[in-house]
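These notes open a run of structures that come right after.
In the two complexes below, chain A is the common chain; its partner is chain B in one and chain C in the other.
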Partner chain A sequence: MGETTITKTQFAKQTISGLSSIITTAIVLLVDALLGYFTYRLITLGYIPLAVVFILIIAIISFAFLVPKAHMFRWMAVGLAAWLLFSIFPILYTIYNAFTNYGDGHLITQTQAIAQIEAQTYLPETGKAYQWVAYRSPENTYLLWLKDAEGNTSIVRMVDAQAEDYTLEVVPGQNGIGELDEEGAPKTIEDYTRLNRISAATDKNLTNIKFGDPEKTIQIRSPSEAAELLPLFVYDPEANTFTNQQTGVVYSDIEGTYTAKNGEKLIPGYSAVVGTKNFVQFISAPGLRGPLATIVVWNFIFAFMSLFLTFSVGLLISIIYGDPKFKGKKLLRSLLLIPYTIPSLITILIWRGMLNPDLGVVNRVLESVFGLSPDWFNVPWLARSAILIVNTWLGYPYWMLVTSGALQSIPSDIYEAAEVDGATGWQRFWNITLPLLLVSVGPLMIASFIFNFNNFNLIYAFINGGPPIPTATTQAGYTDIIISYVYNLAFASGRGVQYGYASAISLVLFVLIAVMSLAQFRFTNMWEEVGENV
Partner chain B sequence: MSNKPQSIKSSERAGLILRWLLAIVLVTFSIFPVLWIISAAINPVTDMANQQLIPKNADFSNFRELTTNPVFPFFTWLKNSLKVSILSTLLTLSLTTMAAFAFSRFRFRGRQGLLKAILLIQSFPNLLAIVALFSIVKQIGDVIPWLGLNTHAGLILVYSGGAMGMNIWLMKGYMDTIPRDIDESAHVDGATDWQVFSKLILPLLRPILTVIGILSFIGTYGEFIIARTLLTKREMQTAMVGLQIFTAGQYTQNWGVFAAGALIAAVPIMAIYLILQDQIVGGLTQGAVKG
Partner chain C sequence: MKKSVMLVAIFLIASMVLGACATATEAPATEAPVVTEAPTEAPTEVPTEASAGTLRIWADEQRAPVLTELGAQFKAEYNVDVVVENISGIRDQFTVAAPAGEGPDIIVIAHDQMPALVASGLAAEIDLGAKQADFLESSIKAFTYAGKLYGMPYAQENLGFFYNTELVPTPPTTWQEVYDISKQLIADGKVEYGIVLGGTSYDAYPWMTSQGGYIFGVDANGDYNPADIGVGGEGMIRFGEMALQWVKDGVLSNNTDNTTAKSMFKDGNVAFFMNGPWEIKNLREAGTPFAITKFPDGGTPFLGVQGFVVNAFSENILLAQSFLTEFVATEDAMLKFYEADPRGPAYKPALEKVDDADLIAIAAAGEGALPMPAIPEMGAVWSDWGNALTFIFNEEKTPEQAYTDAANNIRIAIASKGMVNVPGSFQSLVGCASDWMPYCAQTALVKGDDGKYTGTFLIPAGDYECKVALDGGWAVSYGDGDANYKFTVAADGNVTFIFDPETTTLEIIVP
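Now for the complex of A and B:
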């Protein structure tokens, strides 16, 4: 009796697991198919790198869910896919962009650029022609009656009419078509007026309108003739050149722009690999190099001073008020923590208002008490000081929290021994407290340095890097740090976007950050931790 | 002899007074901006130049203005912010917890390499790759419009994909402290990996889930630059993007309205911080950085 139950449950279990594995396989294959279709669409649009990432994602998912041995990867397949797509790929893509001229005039892929150039048409002066009659509606939409040399007639709508059928059959009674004249053209069409020669000749729109199917458009060439438009440029995939059908000029591909011998360029260009040009430009162009030197130096000063000020104020508070005998400690801590509890962007914007040189409360107070009115937004060193003041306000509570915790963990007998040896308060601080503290919070200091090194929010939201550096050829200011400078290169409107160049600087910045991060990992033993069997 | 305790007392008292004086200066520095923004928010005079610390005729007209002003659809933004932050926090939590479980409980080839890679990649600020992120989301959107630019789904995916690194590490570190004997004995009793994870491990993760959840919520709530780059339509933007764009314009005349918005946007985060202070401090000292 007992045995049969066991076999029954075992059997049931096996069936269930067999069934569930079939279902799993089916679902995985379905997901793969969907992703595969998506990948195919990406390829047709010319987004090859992204398509490769999706092929990798399909591989990861199939491997994790279909190979029994790889069952541990099921736990992270989706996470890895998201990580691949939005963490790794953007970095690789940035590296790739750094070697291209991606930016204004080179924003699309080669496939898209070729398609756009091929879509340009011209009206041939000779060739197949139609006799035509035009009809106009009160809303200024037009219909065109056409008759070719063989005597076939048809009526076509405008290309941008977005109708289901662009061509109507010429049958009286259908689509509001009235009686036909001797040529076969309708005398009337409902809602439309037939234009006679004179009114057609004086209609300014008519000769510019494209009629018919978007793939095969027809335009009016002369008062008596309409003709089919032909592609202006024909692409030769082998030579990678375009030839102008009207003039015969050949345009060959030069760094993503099809250019004629005389320098004439076809629009649009595409994003093409230009080698190390961005890096060379980075080093050689004075208008770019000049502000960059200023920015890099300030970036280091800013990160260092931010760390120094926030750490000092935080430590000062936790030493002075860390004394357990001090009453009101808790209340004080809560009040001093307040800056930390507000989303940093909001506090930055509030300070921006308070430090407004003309109307802000800080200057109104300074004006009435000391008769001073410092221009925080337009004098470089004042702007930099303002940024440091704001950052101190934003950051000291963090160090207050961290150091008060760390101070408590320093054993008190060390202090007692020092007191016996006759050490003064200062000596104790410099020789015991600070060194021990630096060891325990060192990694956090590096993390904080890196954070401030890239503190884009503060720089950008406060005064967008201003005041401007006058010699710079792109948007650059005295309080800009590398990351905000890069952002403006890429996205600032007005002077054109330079994604390729911005990516090149990003790469240099990434190397700097990677070095600092590795130092931090060394410090925290995080690196070694992986090796241990934990 | 009798003088000595007296003098210690008086020097102690002097020290105490000094400390309190310093405390007053520090507290003024730290809470003045907050008081100032509260005062501006309830001041019916919206012009920055005429703000007073104690406003005359205080009322809630600025808050009312928030609900009616068409160029400042603040509550739509706030709703967007909450939606995006909550969903990306939930997504981040589920993705990282499951991945961390595999890293903590299974031994497989490539485990160390992957962990190191995740950590190193994390140090690359995804703001630096913003051009690439923009193009990727645009390209995806060309095929699947509801995941492209100007969609919340796209932004949520970008946030979640970018938040994997440090969180996996924090989570794995915490899981490593849960003895493996527990799951081994459960395995002996016939429990599957999924049952071990969901019935045994997950309930024990509550403290770290809270920390990562809060920090991730606060981080995405406060983020504005990726949001601003990916969301260009006014009605899709988040509160932070809206407030930032607002101050880029003629904000000095509408300072009171801005203050009211800033105050409402800050309140949820302030509440979280003050209530859950201790948990957050624990997470911060383990290496998380405020966003």
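Now for the complex of A and C:
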């Protein structure tokens, strides 16, 4: 396009595009700056991996919006950024955690743990503890009045104060010392302000200052006590060991805990990489050998039966209501959808109440009519049945909705042809309706199967895995599925938090489910072929 | 036109993404904390002066308003802002927030959550000074870990023995009386059952202790000893047999669901049950005629203690301690906590002012009780201990079998701290589930007076290998140099293992 041929409109267009590219650049830079600030904050807080993700996000956004050739990525940039942040990062972080002992006792970093152990002090046998009052000068130098158990008082300077005497005698009139209060502490000292308890407490320097004789320094230990404290452990950065100053015992670093040879441990420990220990522990856990087989078998039965029952009931209802002769089906169909609209947790708890062996309406009715009182929560097969009943109730409306839609899409001429060929109703259902239906709802069935395979809410809220399996050595119940069992193993019953162990288990579960899904997708391919052949 | 729309859209989405990140970084725990009442107005005489500091407290919804009120006073007097945040699941959020430097200065928790915090380096030592004497000794003990105090208690609670005063005019003092009264009431058609349990572990514990049952033994210092597990002991089994018999006799309901139990007592379907002070309000509202007495045959419940713990990563540890000892440890403040949520105060001057007869009765029922074990090993106890009673009631196991199995499972789960074991190729021959099990209780060595660990096992003739493993795991283990210890047993006999922790060597004496 030559300069001479520029028309007014073209000029206007160029200006607009020039303007909008300036606006784009400005906005992108603004977003980058904001993200950069977050990255900086993250680094200062020590979240290095998260900061790396943010740097990647900045790179993606800048690349997509500022490099003209990359404009086709613009539509994906935000999605990619969110995907990195909310999907990829948590997955990588979980994988990383699975190889650490992050959890109770190992929550903090090595630097934090070393600082805490170094801060531990002890009172030597000859050491004394005192009552104290602090005085502060405008230049932030301090004096400390002390009173020992025998009632002797003294005033000490800071260790690094450039003074000849580190101790002052408590005599009113000398060294600017004013009147004494009933405890014997000066009410005033010239050039110094007496700190009351709270102003002493808000002074962040005070606990870190060493007072008195450099040979045996005095430190404030609490609002009521100062003492001649010595550090209990000395850290050797070369060997990565701690030495106890009282006993001489050496503690070396074993998987994030400083441990002596006799097994004595220093607290706190820190979050350390422990290799495949979590996986080994999971695979060799005594609980895994016994109940896991029972649990896995039930997990498959549960997922399969849930799918089968919800699908069958849903399909049955949609076939019945698909009959054009049926009256009032709209109202009935709406009523049947109600279980789907109530939050499942509430439904589960209502069922739990209804099936209560002592107070529940189900047993009251069964008892008065048949004289039966099944113990739904304590007999294994009854508990499993109850779970399936509740899950069917929760799940059939979904399949009713899905199948009633899918049934409409089956061409009616096939049925007509079948009728001409003399097929019975059953034959039509088995040979036409079901195969064609499976083609369209097959993927949904897989989704439903996987959902039920991991249906933690139902198992946990309804019965928490119970009744317990008598032969199990860990907490395992007859209705436990893998996910609820693993939850109990890693977190529940006051066992504390074991993030590393739980991450390892979730990785194992992830692999299990991935393999299962793959196998099932193979299976659906087969269905599609069936569909094509029809 | 289209372009500008796109730009606006991108900007909006970007800011949403940013917004999401912002909350994620500020509260790395799970949810952004809900600030109930930040003391926005500062009723000081010197409003222009900047505040001298900020104290952040995480409390539950019943403690938060009281603390907010105290915070306003604190601000007025010392010009320090107190921000009280109402958080649910304090412990879990704290374990994530505190190491990141985002935690509050003070949290409110139950005493049994404290040891894990100490072990993780998240709780700071507390010095209550002279005020320590004003607290109930048992509550101070509950917040003491390895000889050091890590919390300031405010409330102490335990179960009491509830009875329906309309059905039972005079409270029973022995289980035999409970049984006889129940039998009579059932025969008269007044109740369905005599007594019902609200659970299988904590809620049944006073009955267990009355029969001599216990969870962990207590050493000379009064500390729990995780090596002495009482779950499989005689007292516990005696309780199991008794409970089973009572169920068979129709006196005890085989229900162990808490909600069901409450409802049965509330409706007068049972005459007795064991529950805590939290149930008093419900029963009063329902109009059930009830009173509370001590447990029959001297049974004692577990004590639960609630208190304040200071964050070890706080920059205001002294300030936090001062706030607690000078503003919270006062009769007024403690009574306010009590009014907000009637649990027995742990602060003696406030406790003396409590005049609620039922609460006093509950406190009496808790006399001589021990705090719920605040040792990490307790986590391994609950499920097995509780399941045992379920197996007994379902008649899947005999009481002896049920409690013995439970005790064995607990031993395995604890994989005791301090356990010295000799895992090796002989273990399955002496009663272990398999060979090379570092946590098998059967082959654990016992510490002698000389500081050495010894154990003697009957091993059949053969060649064997073993190692020494500490704490029931392989993290710390010793071999003969880099190799395993090898030994040969010529004829079946007792093999003695002696481990010297000083030299970390194992001596094996074969017959």
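FYI, the second predicted complex is superposed on the first by the 314 of 534 C-alpha atoms of A that agree within 3 Å, B and C clash if a C-alpha of one lies under 4 Å from a C-alpha of the other, contacts with A are read in each partner's own complex, and residues count from 1 in each chain.
Rule of thumb we're sticking to: a residue touches a chain if its C-beta (ideal position, glycine included) is under 8 Å from a C-beta of that chain, and two chains touch if they have at least 3 such contacts.
Bear in mind that the values here come from a model prediction, so they are computed numbers and not experimental data.
Touch criterion not met for A:F370: it reaches neither chain B nor chain C.
By the touch criterion stated above, A:E255 is placed in contact with chain C alone, chain B being left untouched.
In the superposition on chain A, A:L359 makes contact with both chain B and chain C. Of the two partner chains placed around the shared chain by superposition, chain B and chain C are both touched by A:A82. Of the two partner chains placed around the shared chain by superposition, chain C is the only one that A:S199 touches, whereas chain B remains out of contact.
Of the two partner chains placed by superposition, only chain B is touched by A:L332; chain C is not. When both complexes are overlaid on chain A, the residue A:I23 reaches chain C alone and has no touch with chain B. Of the two partner chains, chain C is the only one touched by A:P467; chain B is not. Of the two partner chains placed by superposition, chain B and chain C are both touched by A:F38.
Chain A uses residues 38, 41-42, 45, 47, 50, 74, 78, 82, 85, 356, 358-359 to touch chain B in one structure and chain C in the other. The residues of chain B lying in touch with chain A in their complex are 16, 19, 22-23, 26-27, 29-31, 33-34, 36-37, 48-49, 51, 53, 95-96, 98-99, 101-103, 106, 108, 112, 115-116, 118-133, 135-136, 139-140, 142-144, 157-158, 160-162, 164-165, 168-169, 176, 193, 218, 221-222, 224-225, 229, 240, 243-244, 247-248, 251-252, 255, 258-259, 262, 265-266, 269-270, 273-274, 277, 281, 284-285, 287, 289-291. Note for the complex: chain C touches chain A at residues 3-4, 7, 10-11, 13-14, 17-18, 21-22, 25, 28, 52-53, 77-78, 80, 92, 95-96, 98-102, 112, 116, 118-122, 125-127, 129-130, 253, 255, 257, 260, 263-264, 312-313, 315-319, 321-323, 325-326, 376, 378-380, 382-384, 387, 390-391, 393-394, 396-397, 405, 408-409, 412-413, 418, 420, 433, 470-471, 475-476, 501-502, 504. Residues of chain A touching chain C in their complex: 17, 20, 23-24, 27, 31, 34-35, 38, 41-42, 45-47, 50, 54, 61, 65, 74, 78, 81-82, 85, 104-109, 112-113, 116, 197-204, 206-207, 220-225, 254-255, 259, 261-263, 267-269, 286, 356-359, 377-379, 466-468, 470, 473-475, 488, 492-497.
Chain A contributes residues 38, 41-42, 45, 47, 50, 71-76, 78-80, 82-83, 85-91, 93-94, 97, 102, 317, 320-321, 326, 332, 334-347, 349-354, 356, 358-361, 393, 397-398, 401-402, 405, 443-444, 447-448, 450-451, 454, 456-457, 460-461, 464, 483, 486-487, 490-491, 499, 502-503, 506, 509-510, 513-514, 517, 521, 524, 526-527, 530-531, 534 to its touches with chain B in the complex.
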